[in-house]
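There are two complexes below, and they share subunit A, which is joined by subunit B in the first and by subunit C in the second.
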Partner chain A sequence: MVKPVRSFTFLQHIRPRRIPVAALRFGATLCLGGLSFLAFLITVGTGILLLFHYEPGKQAYISVASMVSLAPYGAIIRSLHFWAAQGMVVTVLFHMARVVWHHAYRPPREKNWVIGVFLFLLTLILDFSGYLLRGDREGAGAAEIAQSLLRGLPGGAGLAALFLGSMELGHGSSLTLYVWHVFILPGVLLVLQLWHFWRVRRDGGVRAL
Partner chain B sequence: MKETDRKVFSLSRRELLRLGKAFFLLSGISLVYPVGRYISWDSQSRSLLAVTKKDFVLYSEWKPIQGSRVWLRQGEDGPEGLLATCTHLGCEVKYQAGEWICPCHGSRYGEDGRLLQGPAAKPLRRLKVEETPDRYRVETSVHG
Partner chain C sequence: MTERDRETDVIELQDRGRPRFISIEELQVRETIAVFMGLAMLLLASSVPLALGTPPESPIPIHIKAPWMFGGIQWLLLRFPVSIAGWIIPAASLGFLLILPWWARRAGVRWGRFAFMVLALFWSIITLAYALQA
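Moving on, here comes the complex of A and B:
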């Protein structure tokens, strides 16, 4: 048995022992995947802070508005959450364009492209659900359309009930959607991201961040 | 000359990492205060309770506003308000025969809220009542 020299072996293990020089070139990644993950971390950090003052349901808009205008540093925390989320959608799109440009979706890395497509979809759904949870008129309008679109699908009424819950007319926020937005979807997104990064590293790319 | 210039700005990889760690540590510490202020902000801290004069007629005896611990009465210099929360541990005090009695540990207060018997150490909290032409407004800030 060889004893570990230091106790931070897990952290050391995260870092690969060697990285191909070509993979470190800025042009190889344009840092777009890393920026997406950075935006994700900011969104999670500020999102946890928003949990302290946000109330899903009918009180959503009042809680958001009073948090932004009255709570100390509330405005900057919510702005960071919003802009990091919007930024994540943009960097994810550019990241996908870069992968297509470099033909990086081709075998042997095609499975990671598929994981990436799911990450992309989750990012969009999270962004959209946040838009509804704001609880303002725009979000309520979008919720109406989302409900109508879902109900147009076979079995869509069930899907609408599952994801949107019971929303009152004129309110985009519901407890059901809130649980998906703050817990289930980000959790799935995180697990898939770690899998994505693990595959990137195994395929000889750079580690994320 | 060139040689010294290079010396001034040269950093080893390890020194750069150490600087980076110090930077993250400092940013983390500087976030403690604003985040603490943000989290401890109380959205109910300046709430107002209002009743219309039509629904709520004031007497000289204390009378509760339905669904709250706020009691109002007509005092000599206008309406008076009282919060029926024991100042010991916060149980709701009952009004009985001109006395406020706490069911939890037996604190007693006089009709005007003055302390008669412990374990509570402070009188009941009196609330400011504002009279408008058609209603009474009571400020029930949590940190009063």
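Moving on, here comes the complex of A and C:
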């Protein structure tokens, strides 16, 4: 017996030809997953614009201050970046609650639930790293708390250096943290999101309630 | 009715020489919600100015505040040993979330929902408690 040839199905699942109409109803998902992705896209878009003005390191606070007061629309873009990030955290939380409320983590969706939990964790870490990058004393203080928490773990000093770099109270932000916040964490988040969407379709789509 | 049936509708209309677009109501609802959320964020961003923090060289003593979503952990850190407040409780919560589908399969989905809600309530209350005291 000849097995049917299976082509690469990623795009086919992301954009399927058939979707049960009942699954498209607003009440099935409350659009919370889509809204958190929209918030992610707004955060990425505004984040790219912020990159043109932001300087990591000792100049972090001054660059943020000049961005807000001198750069055209700098204050609104920074504010939009902040609010979209907060919106993302909130919509992800409600999305998780909706999934649990509707028992939507049942087989075969367990793996996708696990991916979702990691997406939630990454969203929190991204938000926290953004808070530290402002380069103000509040951010530096929070970095100090995170550093001492990490150093409490076996091998934690290395972990703290790997993630936070050389952040100290009153010394702005660090290049290491900047790289994590701008490249690594959003990159991993995007890949996991695409995998999450693919699995939603692969596991039979969103079920009608 | 499936998406395929809708495609068939479009083809039938075109065959009769009256090509026109058929709107997909559910997608329009989603697009409208997305537009409103985008506009709400824009409105929020333009009407609520985001203040700058304390300059790094400022000599004024400051109260170190965690971002709101980590307020619960900071509330715990003020009351319990660091290892419990900073690692054990957050890691246990995360671990519970990871095993929830398998645990709920054994205990029952209603228990799964109940346990999740207790966990969510716990973190919401301590986050709110931190926000109120800060």
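Everything that follows uses one rule, which is that the second predicted complex is superposed on the first by the 188 of 209 C-alpha atoms of A that agree within 3 Å, B and C clash if a C-alpha of one lies under 4 Å from a C-alpha of the other, contacts with A are read in each partner's own complex, and residues count from 1 in each chain.
The rule is short, and it goes like this: a contact is a pair of C-beta atoms (placed from the backbone, for glycine too) under 8 Å apart; a residue touches a chain by one contact, two chains touch by 3 or more.
Given the structure is predicted, the values throughout are model-derived calculations rather than measurements.
Trainee: Which holds for A:L49: it touches subunit B only (first), subunit C only (second), both, or neither?
Mentor: first
Trainee: State whether A:G187 touches subunit B only (first), subunit C only (second), both chains, or neither.
Mentor: Neither subunit B nor subunit C is touched by A:G187.
Trainee: Identify the partner contact of A:G155: answer first if only subunit B is touched, second if only subunit C is, both if each is, neither if none is.
Mentor: A:G155: touches no partner chain.
Trainee: Let me test your reading of the model: by the given contact rule, A:A71 touches which partner, first (subunit B), second (subunit C), both or neither?
Mentor: first
Trainee: When the two structures are laid over each other on chain A, which of subunit B and subunit C touches more residues of subunit A?
Mentor: C
Trainee: Go through the superposed model and pick first if A:G204 touches only subunit B, second if only subunit C, both, or neither.
Mentor: A:G204 sits against neither subunit B nor subunit C.
Trainee: Between subunit B and subunit C, whom does A:S63 touch in the aligned arrangement: first, second, both, or neither?
Mentor: A:S63 sits against subunit B, while subunit C stays out of touch.
Trainee: Taking the contacts subunit A makes with subunit B in one complex and with subunit C in the other, which residues are shared?
Mentor: Overlap of subunit B and subunit C footprints on subunit A: empty.
Trainee: Tell me, which parts of subunit A touch subunit C in their complex?
Mentor: Per the touch definition, subunit A meets subunit C at residues 16-21, 24-26, 31, 34-35, 38-39, 42, 61, 64-65, 68, 75-76, 78-80, 82-84, 86-87, 89, 93, 96-97, 100-101, 103, 105-107, 109-110, 113-114, 117, 120-121, 124, 127-128, 131, 134-142, 144-145, 148-149, 152-153, 169-172.
Trainee: How about subunit A: which of its residues touch subunit B in the complex?
Mentor: 49, 52-53, 63, 66-67, 70-74, 77
Trainee: Which residues, counting only subunit C, touch subunit A once they are in their complex?
Mentor: 1-4, 7, 24, 26-27, 29-30, 33-34, 37-38, 41-42, 44-46, 48-50, 52-58, 62, 64-70, 74, 77, 82-83, 86-87, 94, 97-98, 100-102, 104-105, 109, 112-113, 116-117, 120
Trainee: Going by the contact rule set out above, which residues of subunit B touch subunit A in the complex?
Mentor: 34-35, 37-39, 41, 43
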